[in-house]
Amino acid sequence: MTIPYKNQVLPIEKVFRDPVHNYIHVQHQVILDLINSAEVQRLRRIKQLGTSSFTFHGAEHSRFSHSLGVYEITRRICDIFQRNYSSEHLGEDGWNDNERLVTLCAALLHDVGHGPYSHTFEHIFNTDHEAITVEIITSPETEVFQILNRVSADFPEKVASVITKEYPNQQVVQMISSQIDADRMDYLLRDAYFTGTEYGTFDLTRILRVIRPYKDGLAYAMNGMHAVEDYIVSRYQMYVQVYFHPVSRGMEVILDHLLHRAKELYAEQPEDYQLSSQLLVPFFKGNYSLQEYLKLDDGVLSTYFTQWTSLPDPIVSDLAKRFLMRKPFKSATFSGQKDTQIIEHLKKLIEKVGFNPKYYTAINSSYDLPYDFYRPEKGSHRTQIEITQKDGTLIELSKISNLVAALAGQTHRDERFYFPKEMLTHIQENHYDLFDDTYQEFSTYIHNGALVDGKAIK
Amino acid sequence: MTIPYKNQVLPIEKVFRDPVHNYIHVQHQVILDLINSAEVQRLRRIKQLGTSSFTFHGAEHSRFSHSLGVYEITRRICDIFQRNYSSEHLGEDGWNDNERLVTLCAALLHDVGHGPYSHTFEHIFNTDHEAITVEIITSPETEVFQILNRVSADFPEKVASVITKEYPNQQVVQMISSQIDADRMDYLLRDAYFTGTEYGTFDLTRILRVIRPYKDGLAYAMNGMHAVEDYIVSRYQMYVQVYFHPVSRGMEVILDHLLHRAKELYAEQPEDYQLSSQLLVPFFKGNYSLQEYLKLDDGVLSTYFTQWTSLPDPIVSDLAKRFLMRKPFKSATFSGQKDTQIIEHLKKLIEKVGFNPKYYTAINSSYDLPYDFYRPEKGSHRTQIEITQKDGTLIELSKISNLVAALAGQTHRDERFYFPKEMLTHIQENHYDLFDDTYQEFSTYIHNGALVDGKAIK
Amino acid sequence: MTIPYKNQVLPIEKVFRDPVHNYIHVQHQVILDLINSAEVQRLRRIKQLGTSSFTFHGAEHSRFSHSLGVYEITRRICDIFQRNYSSEHLGEDGWNDNERLVTLCAALLHDVGHGPYSHTFEHIFNTDHEAITVEIITSPETEVFQILNRVSADFPEKVASVITKEYPNQQVVQMISSQIDADRMDYLLRDAYFTGTEYGTFDLTRILRVIRPYKDGLAYAMNGMHAVEDYIVSRYQMYVQVYFHPVSRGMEVILDHLLHRAKELYAEQPEDYQLSSQLLVPFFKGNYSLQEYLKLDDGVLSTYFTQWTSLPDPIVSDLAKRFLMRKPFKSATFSGQKDTQIIEHLKKLIEKVGFNPKYYTAINSSYDLPYDFYRPEKGSHRTQIEITQKDGTLIELSKISNLVAALAGQTHRDERFYFPKEMLTHIQENHYDLFDDTYQEFSTYIHNGALVDGKAIK
Amino acid sequence: MTIPYKNQVLPIEKVFRDPVHNYIHVQHQVILDLINSAEVQRLRRIKQLGTSSFTFHGAEHSRFSHSLGVYEITRRICDIFQRNYSSEHLGEDGWNDNERLVTLCAALLHDVGHGPYSHTFEHIFNTDHEAITVEIITSPETEVFQILNRVSADFPEKVASVITKEYPNQQVVQMISSQIDADRMDYLLRDAYFTGTEYGTFDLTRILRVIRPYKDGLAYAMNGMHAVEDYIVSRYQMYVQVYFHPVSRGMEVILDHLLHRAKELYAEQPEDYQLSSQLLVPFFKGNYSLQEYLKLDDGVLSTYFTQWTSLPDPIVSDLAKRFLMRKPFKSATFSGQKDTQIIEHLKKLIEKVGFNPKYYTAINSSYDLPYDFYRPEKGSHRTQIEITQKDGTLIELSKISNLVAALAGQTHRDERFYFPKEMLTHIQENHYDLFDDTYQEFSTYIHNGALVDGKAIK
């Protein structure tokens, strides 16, 4: 008698050493096969945090290790749910362990469509990593599909529907995607570990102890309220301290302009870029296949950048060097409309000393909503975090935590104007030149790290 | 009055967040300039542990972060030496803080000549990362040289001589390179942190407390003997558990054969490889410049491997896929001469099922000498570790530590025969084919992970 | 020539291994002598967290280890101040290192007047650990005084004035006592370490990097704002999660009633207590000397409690057993005036089943003000936390942190009514007795851990 | 229907926060009742490491927290065994989960007979903590017995037989007591955590992964060999660095002499000690009951020492002060017979300056056998550590680990002669007195921390 593929477990559990979770435990043959698939292995070559490693040199970890981590947290939740909250005893408020495999697969694959420096790449080339994730899962050409399809013919679609949140069981959906899900929990801990900051740490063991299923999703026991609160605060601090870091964004801005410029030049002189960046050509043309997308990774981009440093266009070669040698643009904060005029004026000064403002300045805004609760007046909203009281009734988190209430519903925003470092250092370095007055004037528009009206100051 | 470049300190100390040392502290303008140089920034794109990240997925850290770590440990030693053991008080048994800058520069630059997967790359292309390190430091074309040369005309040569161990002050040389130096101390701690193993941890703070200079080098206070002993044991365990890991070596073997095959084919059909791997061409030709070497990194190799998966040669495209998709060769241990015949026979079986043994088998040996003491009868030997007794006399470590004595002077060796995984899994997967008897026979030659005489067993 | 005592440094720095700060470094002979004094050594026998170890079994650390920790943080701040912000360069905005010794002594001695379970003990016996701290420092009979007096005749008074905040240099005062001082920083980290919770952790290294002196006290660089914010949040969470824990307070309530009852009985039958608790007699009498106070410690109390378990009074012997065997009272929260009537009714029920409510019930309130800023309308207020902007101006913390703003000026309060566990477990244990209706009624007054109007629920 | 007591599980698992294992998980009512028993709670008042906290001030943890830790490790092993190696599948090479409760009880209770400073106390008063452990478990008067007896009439004896190693199932016995058992694993990790040293750390998670039952006990999978090796080395280092520390032993020596002297004096003047140390009287008399033993703890001893400082005997009051104020005796190493004469001579010098050598000197020897294997020629021996090879055969650890081979069968010994610190510091402090020549002579017999022949040196 053969065991159906979906039930095949490894004779001995396989483990991967993980610095964050100690071990990643794999019990199903399906999961091991997915980890070994070409599409998942490719995530080893894509950094989790993109340009953040230019600020935090330890943060060189890949999307592969994050994907394993999300899988592992999900697996631990399933174990706890099966042990303590089985639907056999609790009915629809309990966990049905037949959902385990689809949940684990969705956890492992939730980011499989990411490409190199996704945020910037998508901006320039109109790709969409979420759509590609679904495509990888549901296209017969991929190894991932082949594996899922062996489980059952409708299994790939089921896994994809968890990721698109259309799966009927909201316990499964929320484990992968909600305000406190396995994805966020892993990346906070993992990014904290590899950056070496401590802001992202929270008490995962305690959260796993207090999470529980109910009919419509997930809730948290009252005695774990402070652990959840701590998670929200940690998340907020990681955004403010790590993810929004102005230096990382100063590198992202360079990357953005570099790819943009190359794309423009391809239209004019395709042969240069065909030779030096063949795997990017489909994207320059705006017409790419899934297989072409799957050949991209961080190393492909940096290799082409190295090759571009020898191209004749001075902007492409200069921006490529700035990226490879980590020369981020500098920045100053500004607040909305009122500073528009100052920015226009600064762009003129920048142009005056020889930089094309189109490629050498940028506006970059980071914003995050640390926590939100249900607001019927808003069209779209997030699943709020529910706390279970002793008598079983639910209460929304911000109602009982004034720390969370302080963060709830408020978007945190950091808007910056970016420009070449040369605009500031010329003066400091003290070798006066033709443009000294321009540099001098430029510097008067920046005070305590923010744009100010330079004339008022003078 | 201008401050000489070598004495320029930053108005506010600059720090880099580091998960291992918490912060890397930079006080000298020279050091900051070196960190920002093109040659040092390039180390961000070269993984510290090469193929080990295929076994330990967290170990994706770069040679850049290790270089900062070596610098930081060296800086801390200099601080302690200046505070407690200044030559102003102790004469030639003390530390002369004028040596600080040359020491820090040598620490930061000691690995600057590394290329991608150095061990394998050097084997195929006859490069030598140590010679290139010296070349980067002393060639007028590099940014590193330009910076060092601003300190003084003989400074680049001085820094280089620390790395080649020819520098007269042995305290400086041993800080960078001895059996217990800043290099080893950083990589043990760093590799332990990123792999997530605990074997590499030892008490750095305590070692820094007990290290002291004397006329001919460095010694350790008696009350720190056990911390030094613990370091030796940790080092041994990292070698056995991490650096020698058979799976990482199973990937290295593939990389080796892949580059070897491509080099051979270049001689036959250069045009294929010119298009798909232009930055490697000088190495295929055996004639490369320093600038060409400095363009290489891990991403360049993996990008070309991706491009090679479409080449017509079945061996190159298959090995490239195995590398990108992490399909390591399997292995069995053997012991020297007596197993040669078995290996020859196994190669024939491997050939029989269709694999060219030249590219699909390998012998790979790892060996390490965990600690050595001075043995006059041997031509070359390492600097032994000296412990200072209360009355100031020195005693060699293994004389007072029986743990170290157990490891001293013994080379630990792990020799393995590598072959395609298919030789074993075919049988397990149970779909019998034409070559089943061959696979069956093959498997009888391996028992408890080692080669055995198959016939005796049958 | 003899070196003055205050300048005597140890030939080799002495260190104490510390799990929180790795090492405590002692350089001055004065500090080493103070650590070795009888009054400081006595702190080894007094637990830092009193009854909290009944909830968190790891929290058995003593006030001695905390005192060393406060000293060490202070020492590190002095080192950083001397290196970076010396008054030689900065004038009155800088740090004058002649203040170091007085600061270190005050740091080490700030808690030297603590007795066993201070909070409760002071409540019953009208002692005051702050006044006793000053007395220990300034009374000729103590070893501490003898040591300080060797420095100079006015030195004991100087050290005492730092602790009473009367010392003129506010930099010194704030290092020991302000909203973010060495005392609080050590106890948060230390209590987090020993309880095994993670709430108390914050980035000490970063705070030490950004703290700086100015004319009127201490401030923090803007780029460390989030580390300070994180400290405030951590402090808040330690209060809510650890220091206010209802079980620890359930033991404190027993201790309070036990000492109170014994004191009452001493007035009636002094001979019982003279024999079984001779060191407490002066406190029963309300007339004690400093030397008598210094003989008390946690072990003295628990020894007498063991001896009291054989005394005839059933209340003393029962409460002593409850304390020694860790049988905390249970509790329910209530909110102020409106629940007074319920409490009175519950006391009657408790009395009905045989417990004297005077000794078997209690009201216990915990409250904390996590952060406060200067409010001129209030008579007394705390020193607010100041952040230094790039141009040197100061800004108060809650103005730029909305997390801190959420906590500022709000007292967090947790009020509980305590009663014997028997009131609830009788029912659960299912052996019905005479008083079953009373227990039954009692339980209706508690819902979701809070007092409710039992009748409404029925 | 009532559930039998032994099968009663808590409705919700109860947890205790633990800094070493994160959480201690309690599922059985029996275990919770044992934890809450008077005899186990009493362990809160007895420090795990006795006088070691005088050297490592963090090491103030109690035998209570260690007992919980041993229980928790045992529980985790049972969980893993039940999941992976159930006797239902593996027969007598597997784990029978009916053994779980007896194993957990034995784990929790294995140290319940310890008293204050057991080693010294037993030496003076001829008590035996192992015999008392058995007595507590099997005497009807204890709460522990009452609880165990509710499980079944023969259960107390069964639990006791695990501790005495007479229990038939050797898997159970070895989990609690062997060369690598839950007891040792917990104390190494716990003592490392609280002392703040890192020597005791090893990879518990990995050891738990590779431990497995077989017919005659426990074995370890080959791929975990290095984790076991690391444990042996850690254990060795904790002995050498922490447990043998000369300063802790310098306090132990004082404690020993103090109790010895008091016992002698009791015979002469019983009334002094009846008043000041009533709970010790039965031990002075050499005739004590179990209940009297159970009243002792660390606090009882220190309270009596405080009371003894006022007694007329100068030796008792002086030694009591030395203990309370942490004034350890100093020491020098010596090696066996050859130094006997020197020691006799030094005692005479010590007597000459006024100390009674009987109470002011001591010989103290520490020795440990880090690992042993089976040696048929020896009568008694330890259970050796077995490693399981891929084909299921066992191999003894030291055969495949040369680190362990280096430590195996070798007793490590540290023998010291103890004497009052005054013998050395008098000279250093430079106030010459009558006995200066004696002190001077004394010092010539100590060199590099060891006894030497003083005359040869002069």
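Some points to look at:
Note that the chains are named A, B, C and D in the order they appear, and that numbering of residues resets to 1 at the start of each chain.
Here is the rule we use: contacts are C-beta pairs under 8 Å (C-beta built on N, C-alpha and C of every residue); 3 or more make two chains touch, one makes a residue touch a chain.
Just so we're on the same page, UniProt names per chain: A, B, C, D = HD domain-containing protein.
Only a predicted model underlies this, so the values are computations on that prediction, with no experimental measurement involved.
Chains that touch both subunit B and subunit D: A, C. Centroid analysis (C-alpha atoms only) places C farthest from subunit B. The interface of A-C is repeated, with over half of its contact pairs matching by residue number, by B-D among B-D, C-D or B-C. With centres set at the average Cα position, the gap from subunit A to subunit B is 32 Å. Between the Cα centres of subunit A and subunit D there is a gap of 51 Å. Counting partner chains per residue, subunit A has residues 22, 197 touching two or more of them. Of all residues in subunit D, only 197-199, 201-203, 222, 226, 229-230, 233, 236-237, 240-241, 389-391, 402-403, 405-407, 410, 447-449 touch subunit B in the complex they form.
Residues of subunit B touching subunit C in their complex: 13, 15, 22-23, 84, 205, 209.
Within the complex, the subunit C residues that touch subunit D are 16-20, 22, 36-38, 41-42, 44-45, 53-54, 56-58, 60-62, 64-65, 68, 193-197, 275-276, 278-279, 295, 297-304, 306-307, 321, 324-327.
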